[in-house]
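Shared between the two complexes below is subunit A, which has subunit B as its partner in the first and subunit C in the second.
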Partner chain A sequence: MNIASAHEGLTKLLEQVSGFIYPNEIEVHWSILIVVYPYLTGLVAGAFILASLVKVFNVTALKPTYRLALLTALAFLLIAPLPLLLHLGHPLRSWQIFFTPNFSSAMAMFGFVYAWYLMVVLLLEIWFDYRADLVNWGQTAKFPLNWFYRILSLFSKDVSPQAIAFDNKAVKFITLLGIPSAFILHGYVGFLFGSIKANPWWSSVLIPIVFLFSAIVSGIALVMLLYMVITPSRGKPIDMKCLDKVASFLLYAAIVDFSLEILDITHRLYESEESIKIITEMVVNKLFISLVVLQLLIGMVVPLGILIATKLANFNQELRKLLYFLAAILIQIGIFSTRWNVVLGGQMFSKSFRGLISYRMEMFGQEGFLMALTLLVVPFFILALLIKLLPPWGSTETLE
Partner chain B sequence: MLAVPLSTPTGGRLMNRLNFVKLLSKSAIILVTGNFFSTVLKGSSDTAAKAYTHMKRYALGIQIDKCIGCANCVKACKIENNVPRQPFYFRTWVERYIIKKNDEVVVECKEGGAGKLSTELEEREILRSFFVPKLCNHCDNPPCAQVCPVGATFKTEEGIVLVDDDRCIGCSYCIQACPYGARYMHPEKKTADKCTLCYHRIKQGLLPACVEVCPTQARVFGDLESNASPLTRLKRMKKIHVLKPELNTKPKVFYTDLDGEVK
Partner chain C sequence: MKKLPDQIIRISIIFTALILFTIVIRVFIIPEDLKEKGIFRTSAIKQELAKEIHYAGSEICVDCHEEQYDAKHNGYHKELSCEVCHGPSYEHSEEPDDATPEAPRKRKFCPVCHTYNLSRPTGFPQINPFAHNPLEPCINCHEPHDPRPLETPKECAGCHRSIATTLAVSPHVKLECITCHNTPEDHKINPRIVRPGKPTESKFCGKCHADGSSNREAPKIDISVHGENGEKYLCWQCHYPHLPEVD
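Let's look at the complex of A and B:
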């Protein structure tokens, strides 16, 4: 978007300002791309936590989703930094965050947190878990794919029971390391916002924890959706024991998340600090649909009701599947709205607490709706590719 | 038992103890006097040096009761610093406050204070009214510099907060972290921008542009380390307040006669 049209847009926004805002505040700096960023990392953290339930807590019923969850986490993690990069005024200078970071900046820690999670946790765990399969595929696949698997397996050939036992041990250890890492990854994203003392909408110790649990909710719901779509498309039956278990964990996480959100709202209203008046005005005038209707009602209360109903009532399999599917979709809408409300809500009121600012999403352009949509869709293509190359059901169906 | 009778054959031990006490007092005297002289000498040389070569700590005072809202400062700043002319980018601006008799507060800042004021009220409705010039507070504890991921925003030795255009990656985190709305994203440079206290001018002994053009001397520039500076005098003579002190940013724009309604 060129400068002239940007200014035209800002002039229009100026007319929509209600009350008084500082003159520099008219521009909303963190747009929909920054909404997409915490949504993506949340899915990563949540999917990983679901995977870790299998390895660390031995919830064997979840086994069919284990590898799918890992690959989902990887597919989304690869795209997660892109919205940040595209949003920068000088993307080509972004390497400075990695090489000359300012250690007092929460944002500067991104490089370390991201690299740690990608390299040390996710890739290592996937490698150890797939190693035996990679060796196997390296011998059975056709050229040139066999070479691809050989390289991926780092030319290891040992599939003796001892070697596999070691792989399993390594996976367990990395998962143990991975749980706090996943917490750090998304808790850190929450801290980016929660540590801004200038902004009462963000500045809260609860934010990282709310982010974390909403992440777990969204990640579990996504893997559940993927499992429900992919399994029938392969002509295989859905393992209802597994699905029921995933739904149970989704329910538990959603209960914690909902409680935290209600605690946050109650705390704000009860403390009723200086900013409460403008924040209430903002919620009523700017965020009513996205916060009250989408985030709380449709995205949380309704799916919670559905999940509780499936637990209490004796619905048949087909109805349960339908309800789970519906709940998981609604949860995705709800969590995306949560990210929207946090990121954009924090920029829709003036720090003078005297006025409200509007955000107008562009359709095209670097920070527009289409770009955001692309960033949300691309991980699914990456996941499809990963599933093609590293079939998650490889070992369960061939080795067991 | 540690106590030893004086007349016993173990007097040697007693002497040793006396010697020890003497030694202790001698060393204490040496220590104290030595310290005293070194302090005095060092202190005097420090003071002498300070008078001529002390590090400056620049800041700004704003006398609200003197501001007439002419916005000369806003215009001068835009020209001097090549600030984009559109009304979305300001390094300094002037807010007008009207506090009505029913305690309602109307704040206005059209085009940074340089535009035509549009709120018209009957005189009898108004309780009090005043202008408040604003700019970067050059905080001693700047949240913008804390959050900048690459250290592009930094505090100079003189306490002025600056942005390095060649380093800024344009992430806008500093804009989010500034409680005063003093920063904007430069539309052409794509880097964060804000008041520099006219660093290029003050380094040459000139006044910041906004101070230079203020017809009522509402803006007072000075060195906080110098007793003779107009700013130190202002701080001595007037009751001073800063914006949002509860955030512990330690602002260095000092306001006199600041109303509680100003945020």
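Let's look at the complex of A and C:
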């Protein structure tokens, strides 16, 4: 191709650009898949933190959501690396990455953080928590499911009080280990962005912490949504005490998250580094809807208002449920926008600080909208399967 | 010693199996070329070498196209490679009859580089393609391999458009470029070699602005005190000469 014909393609692309940019900035390389990635890992970390409240901090009111939160974390964790692998372009070759680790690459650290979190934290905790149930189901379920449970229980049979006491101790220990691990998992994702010196939109020590708290907010909101959908569909009443408690924690986390976000913005405005002009221009021209409207207003201020209102006013149960539901949905929209703004925002202004670039999302294709949508939906199917196989409302209570 | 709990033993078996599995994969399945040089896949070099070659480089063309080469060699386009305009020509340079490169004869081609754009370096020849002899192909007037200006641009604005447009809206609009830049005629022909002068000291501006100067329009200041006592900074460290502002 000579530049005469390249010219036409280039002119088309140039319509997405305003001002001056460097040649390698014309394409937004980190696409919507990279938006989905921190969103998914955030949900994992958040759901896990909610679960840990029960075991470590003994918030017994939250018990009905404990196992649901664990399974949610697992379902989303299983899909979390997929956006990355698809983005890298050769998902079938990805296993080579896992077996030839590069210890000096911050990007490659995800492999370790992920393996640690999946194998040592989440799966182990779920195993210890379900073990007695698995042994039980291994005896009562029909063929071939009974074998499935036996294999899952690693053929253990011991359900003596000592063994169960040990399970509980193990769960508690792993959860203790799991809290910092969940922080690392998502803090790490924030670190990846925060440590990119060359990009003023990302480079900030606050980013890992902002990521972490937004993760906690989104994870709690997701488990709350799931609990509110799944329980009535089983014909069971929603435990309002539990739901109120989840909503309280959601509110606290959201307050911290909101303050951090405002702190981040204030900090940038006050510092007024040389990048502030182009960043302001980007926020006003490119990210106004997704940042100001979706992330801050609809995704944060409105749900905060709703949650505070439910605390102050004496609404009846039905209204509370409705409001919680609404708040949780808005929060999901808000946190997704947060990821969008961080990931794409960092690529929408030129490092020359003199131009802006647009992102045009593909529809089909490996990095398109449909792929992103699929990645966001698949975890729910996995969760459905997990719930079918490992009912969170299992028989431990009766055994105890 | 207390007996290890049954659960721990079972879990340990699984983890041992996983570790063994990893070792087996590392040792037997990961291809050798991924292990030889750290994270670098050594066979990548071979793979790259095996790729088809598209570009011939700019030296080989001279063998058969001396005329164009010589023209370009000394002209304004000397720094462009032939293939920038003619596209990848490796196949052509091997077998000229099998493949002929395209020659970009259409008018829309040259403005890729020559359309006026503020971010281009100062002095780069730029035109407004809508206003500059519209509709006619550029090569009717400019020989692409040696595009010397048909006539020397008379205006400094021809090459210094952004400075000229800035100056045109500034308080200095009435000053000509040459008031401040002593410009030899040859600058317009060999701009990078023959350079115009630039004011070097604050006294220069003082000709019009110092108290007691004969210029009637220019606002006056006391150069010995104005601007941090006049010594430390040159006037244009605070006032852009092409758009002097006071706020």
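Please note the rule applied: the second predicted complex is superposed on the first by the 370 of 400 C-alpha atoms of A that agree within 3 Å, B and C clash if a C-alpha of one lies under 4 Å from a C-alpha of the other, contacts with A are read in each partner's own complex, and residues count from 1 in each chain.
As a working rule, a contact is a pair of C-beta atoms (placed from the backbone, for glycine too) under 8 Å apart; a residue touches a chain by one contact, two chains touch by 3 or more.
Because the structure is predicted, anything quoted here is derived from the model rather than measured.
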| item | value |
| --- | --- |
| Which of subunit B and subunit C A:Asn199 touches, first, second, both or neither | first |
| Contacts of A:Lys351 with subunit B and subunit C, given as first, second, both or neither | first |
| Partner with the higher number of touched subunit A residues, subunit C or subunit B | B |
| Which of subunit B and subunit C A:Asn102 touches, first, second, both or neither | both |
| Which of subunit B and subunit C A:Asp167 touches, first, second, both or neither | second |
| Subunit B versus subunit C as contact partner of A:Leu88, first or second or both or neither | first |
| First (subunit B), second (subunit C), both or neither touched by A:Phe155 | second |
| Which superposed partner A:Phe20 touches (first subunit B, second subunit C, both, neither) | both |
| Subunit B versus subunit C as contact partner of A:His29, first or second or both or neither | first |
| On subunit A, positions contacted by subunit B and by subunit C | 3, 7, 10, 20, 96, 100, 102, 105, 354 |
| Residues of subunit A defined as touching subunit B within the complex | 3, 6-7, 10, 14, 20-27, 29-30, 84, 87-91, 93-94, 96-97, 100-102, 104-108, 110, 195-199, 346-347, 350-354 |
| Contact set on subunit B toward subunit A in their complex | 86-90, 93, 95, 105-109, 111-112, 134, 143, 145-151, 167-173, 175-185, 187-191, 247, 263 |
| Contact set on subunit A toward subunit C in their complex | 1-5, 7, 10, 19-20, 96, 99-100, 102, 105, 119, 124, 127-128, 131, 154-156, 158, 163, 166-167, 170, 354 |
| Complex contacts: residues of subunit C adjacent to subunit A | 5-7, 10-11, 13-15, 18, 22, 25-26, 29-30, 34-35, 38-39, 83-88, 101-102, 104, 106, 108-109, 112, 118-119 |
